[in-house]
Amino acid sequence: MKKLNIGVIGYGFMGRTHSNAYRQVSKFFETEYEPVLKVACARNEERLKSFARNWGYESYETDWRRLIERDDVDAIDIAAPNNMHRDIAIAAAEAGKMVLCEKPLGRNPEESREMVQAGGKGGVPNLVWFNYRFVPAVALAKNIVQSGKLGRIFHYRANFLQDWTIDADLPQGGEGLWRLDVDAAGSGVTGDLLAHCIDTAMWINGPIASVTAMTETFIKERMHQDTGNVEKVGIDDACAFLARFANGSLAIFESTRYARGHKALYTFEINGENASITWDLHDLHRLSYFDYADDKAVRGWRSIHVSNAGGEHPYMDKWWVPGLNIGYEHSFTHGAFHFLKSLEGEEGERAFPTFADALQTDKVCAAVLESGSSRKWQEV
Amino acid sequence: MKKLNIGVIGYGFMGRTHSNAYRQVSKFFETEYEPVLKVACARNEERLKSFARNWGYESYETDWRRLIERDDVDAIDIAAPNNMHRDIAIAAAEAGKMVLCEKPLGRNPEESREMVQAGGKGGVPNLVWFNYRFVPAVALAKNIVQSGKLGRIFHYRANFLQDWTIDADLPQGGEGLWRLDVDAAGSGVTGDLLAHCIDTAMWINGPIASVTAMTETFIKERMHQDTGNVEKVGIDDACAFLARFANGSLAIFESTRYARGHKALYTFEINGENASITWDLHDLHRLSYFDYADDKAVRGWRSIHVSNAGGEHPYMDKWWVPGLNIGYEHSFTHGAFHFLKSLEGEEGERAFPTFADALQTDKVCAAVLESGSSRKWQEV
Amino acid sequence: MKKLNIGVIGYGFMGRTHSNAYRQVSKFFETEYEPVLKVACARNEERLKSFARNWGYESYETDWRRLIERDDVDAIDIAAPNNMHRDIAIAAAEAGKMVLCEKPLGRNPEESREMVQAGGKGGVPNLVWFNYRFVPAVALAKNIVQSGKLGRIFHYRANFLQDWTIDADLPQGGEGLWRLDVDAAGSGVTGDLLAHCIDTAMWINGPIASVTAMTETFIKERMHQDTGNVEKVGIDDACAFLARFANGSLAIFESTRYARGHKALYTFEINGENASITWDLHDLHRLSYFDYADDKAVRGWRSIHVSNAGGEHPYMDKWWVPGLNIGYEHSFTHGAFHFLKSLEGEEGERAFPTFADALQTDKVCAAVLESGSSRKWQEV
Amino acid sequence: MKKLNIGVIGYGFMGRTHSNAYRQVSKFFETEYEPVLKVACARNEERLKSFARNWGYESYETDWRRLIERDDVDAIDIAAPNNMHRDIAIAAAEAGKMVLCEKPLGRNPEESREMVQAGGKGGVPNLVWFNYRFVPAVALAKNIVQSGKLGRIFHYRANFLQDWTIDADLPQGGEGLWRLDVDAAGSGVTGDLLAHCIDTAMWINGPIASVTAMTETFIKERMHQDTGNVEKVGIDDACAFLARFANGSLAIFESTRYARGHKALYTFEINGENASITWDLHDLHRLSYFDYADDKAVRGWRSIHVSNAGGEHPYMDKWWVPGLNIGYEHSFTHGAFHFLKSLEGEEGERAFPTFADALQTDKVCAAVLESGSSRKWQEV
């Protein structure tokens, strides 16, 4: 097997999911390339060493510029906060490294556009970690829609509901909480959560043409962990928007971190002329499917446990036996698989979002945020 | 419309459901006969008068023998405690009255056999109120099985779980609590709840051939409301049994009044070679159906909301519009409809349990109770 | 008992539900007044006679003006198409009759305002049949919110999804299909379905301050049953809107008749600081409730089967026993109960929507439709 | 970190889950010992080499006796068919190796008893892979019961329903199908599936005292893959039994491979005086919990998504963030964690089933099978 040497930047939540994916992918999927955990990179050396040792990285670097200079690294994986994505990605691409970047790509379309240009110039393989595409049930939903079973699509709905920031005493910024700091994150739920919903939606249902949005920051001020001062909160705590897809279907999207009772409830529903689909991250192996062609006496929403090992359920032939679940983490394993396959040349698959795809999502996010301020419909 | 004059004995829970059914049936279903609430009958005159006035009975009687003597009554409906069923039913049948009797028929097969003979002798139309057959989703289950969609049936499961007698301070006997008094009731959950499960099961899946049971009385003594004394509890608080149907399928049945969290959870599941079905009284309009013939990628349990008005869902064309539920009470309305139709002669339907059918259920109950004591398999 | 003589105009779906409610209310609820089905009124005499006979009306009229002139009628119930509401209601109120009107009140706020004035002038008791308030689980939701258990409310969501007009061959107008004819109905899903969602929402969560909407007519032309010609469809097939409540909470509302798989899926969800609630008409006895105060190890969404008979679940002490459902139709029975109680004077309850309340709902609907055209936020 | 050198026998389904657990445990849990995939062992050399290479084993052996002789192996993991468990386990224990054995321990209590003795003699640490104990929601169920929240326990129910052997053309024996061959497996669903249910049940609710069972082999003959002949099927296709626990609670257990629609539906329900619990493997992160102490208006079954990272949900503080699932495979990871911790001495935990525990389960299985033949209650 060919080795693909990887340098991962960031040891947080995403640093862990990416490391795990690289370690696991070749145990379950056949690919020409096998990822090697070559270098871990972050600023806090003590924590970095512990992270690197735990995951079995061969070495570590505390300066990402040093990492990029290394000849023994083929691909850079960016799992650092959003405000670092652009500089790292551009430098890596210019150095001829492949780049795998956490979502969202940039903090805004301007940053993303530069990254696309850098990625495109060198022609380096690139990927953005919109991992939910790779959940088996979501991939099955894509297959069903692509097969034409739904017919003309009338409606798309997506929610990403959480409740972890209701406490007004929660600080913003710093360790573990940079997602509440607008400088580090770019935006709140829009870039963090709705970006996932939008990526999935456009993957399955095509481009979004126009939007009108409502945004809110419920807690106006929070202590900032970096400064110790109470500072204005710049992110959107909640965002809902109406949209029209290019194919004529209508949509509503909503995300919030103030929906008491929901930990990470990403759901979507698609209503077509002939069939409909719903999905829910909390029970991620279930896809609900309604087929109007069923005999009318016994027609109903089917609860599909997407765990068949016979090939008809995406990815599941590589895991255990029917009825047995895999975890959230393997959405990343599957993403890594697709990326590795794409390196195999003409035969390789490219079923993952690239920088160019992620730019489209960023544009929708920007239109949404703009509409939240302007209170007007925005074309994308 | 021809009138069918009815005398109802008992003003408790079942006196109310039966009265309501007779009042409502002709508003929603077309029949030649229309029931008339002619006479209400019970011992407590004050409460009886109030009951009769409320439901619009034309008159009342405090002695059921007087009721049976009346020439202006065509049918006797028995909604009195179980220990009164036999005498009333036999007297009514011998007087040539039609008889509609609450379940279980007798307190044991001996009583039931006498009632069948009395009913049979005079050839009077008779019905036993195993009302769950008439829930639209249950009737749909019967239709599906009858259509052959399940193929060979391997398994049948039924539960009737309640939790209302866990409190050890609850008395037995007397007003509202005769179901805990073995003399009045005959047995506990077996005759009260499992009888329902057995009736549905044999209606859908044919005769039960043999059983082995386990019974328990968790609270051994309770104050008796009639005597004021603490007395031994004679009923079964809980009963579970294994069974074999004549068609070779295996079954488990269970009922208890000690299943904390379940108010009246009657459920059943049937597994056939090609398809399966489940149902649950708490959400009585839902039938779950699994069809192995579905395309394997999108195969799953279908949650059918049994509320279509196009004729394919039993009874529902007579009610509102798709998606809108009817209540528990209309299982009785539908039973009354079938009984009225059966009076129309050759064209009439007879889709309800008669005394003879109920005797079979009583025999299974008796075998179950016997097995609970003998700890041996019993043939039915 | 005092009699309340009622004249019902219309023998369609709503004529049936109202007639049933008047017949049933006094069997289950105690009130000083008992409704009498005095007169049925509609234009088609043959069908009217059949309807009147079926439901036991004492007489009938084919001209609603004649009905209003009758001295033996106390209350007029309007179950005719929307374009007849105004004239009948005003004439009835001016004649001193009580008025119970199907929703929406008028086809637009102008009509509704005239009706409020007419109702108010004579001071006649009046009600608008926003029946979903009277579903036990919905009433429980109102109680929970009112108790303060949710704390500050952040989010409200409501959907009313159907799929019965997807077929492009379905005609508009005339018998059974006037809801597709903009002249008869005033609007499409906004007045028919979203009006229900808005009434419930404002009842539970207070006034809606502003909205921005998206409307669509998927099938642009349909044959008109009255003319036999293919005509432009004037109604909204689908409508979604974002809203802000006066109390600062954010909302999304959506309705469509093109959501394949949903028959009449009215759902709502309310997220508060401390607790949340969801409800779904298809399983109308279930209320889901999440309480953050629960011990964190065993915290979860509670599925409450709203069927307790001990008084804690609204209305259910009047029906059967715990675990047993009542039907959709009794939302009207409960509405009739509240109306009758309100006639008892100071002691009477007035827990139902009046003309004045319905006008507020109509104003929101009008703002929604206006925003659908203008593509701008509208203040209500 | 200390190394624990492991030799795994078998490269099938369980060989994979065990290998994965050993690879993953130290990435997520802190332990003194780190497992090393030292040797893989099986008879088919070609497939063995591929397996060993894939999982990163340092070496391989084709003879398990050779494996046991190796000085560089600390622990033997038995993932071979059931008929090999005894000989390997005894030889390993006698050689002073730790033993981790797939369930069931032996094919019958006689075999298991010998293994316990061998394990006990040398005092070698041992474990049996009843992995479902280590699912977070199951472990939470155990915690809840242990806390006393349920009070006196009245009922226990467990099912393990599958549908993969309905096809009469499926052969028995040989590659992938030894579970259908009574010589290799010992029994059918009883040892394969009910053993899991029994282990969980006794772990949570204490010893089972007596049972009465019903067993069935629906397909009487199947082609044997080893001989090519059609041979009698010796296993139980389905088994249901009633049981009494030592604590007085009643139980029903059922397993089958003929429940169309269920892939691997392991469920259990426990009803106590004050609270109840249900769980379902298909949605393994959900635990349903009913607490009678809740305010009666809002009392209902709580659907707990067992994914909190704050420590209150077993194991989940080691994985991702709240709302995100882990897979079936990590039940083994958690088992490996407990085993490693137990090696740390007094401080170590021993929260896993040993040979001695598994013998108790085997005894219940034997009583169940005996009762299936004798048709009599059997004491355990």
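Note that the chains take the letters A, B, C and D in the order they are written out, and that residue 1 is the start of every chain.
Here is the rule we use: a contact is a pair of C-beta atoms (placed from the backbone, for glycine too) under 8 Å apart; a residue touches a chain by one contact, two chains touch by 3 or more.
Here the structure is a predicted model, which means the values were calculated and not measured.
Q: Based on CA centres, what chain would you say lies at the far end from chain D?
A: C
Q: Between chain pairs A-B and B-D, which one is joined by a greater number of C-beta pairs in contact?
A: By number of C-beta pairs in contact, B-D is the larger.
Q: In whole angstrom, what separates the CA-based centres of chain A and chain B?
A: Computed value for the inter-centroid distance: 55 Å.
Q: Centre to centre, by mean C-alpha position, how many angstrom separate chain B and chain C?
A: One centre to the other, that is 35 Å.
Q: For chain B versus chain D, what separation do you get between their C-alpha means, in angstrom?
A: Chain centroid spacing, chain B to chain D, equals 42 Å.
Q: Quick one: which residues in chain A touch 2 or more of the other chains?
A: Only 262, 301, 305, 308 qualify.
Q: Provide the residue numbers of chain B that touch chain D in the complex, in ascending order.
A: So the residues of chain B in touch with chain D come to 150, 154-155, 157, 161, 163, 166, 212-214, 216, 218, 238, 240-242, 244, 250, 252, 254, 256, 258-262, 271-276, 290, 292, 301, 375-377.
Q: Please give the residue numbers of chain B that touch chain C in the complex, ascending.
A: 13, 16-17, 20, 23, 26-27, 54-55, 162, 164, 262-265, 281-286, 305, 307-308, 319-330
Q: Provide the residue numbers of chain C that touch chain D in the complex, in ascending order.
A: 140, 143-144, 287-289, 291, 294, 296-305, 308, 310, 312-313
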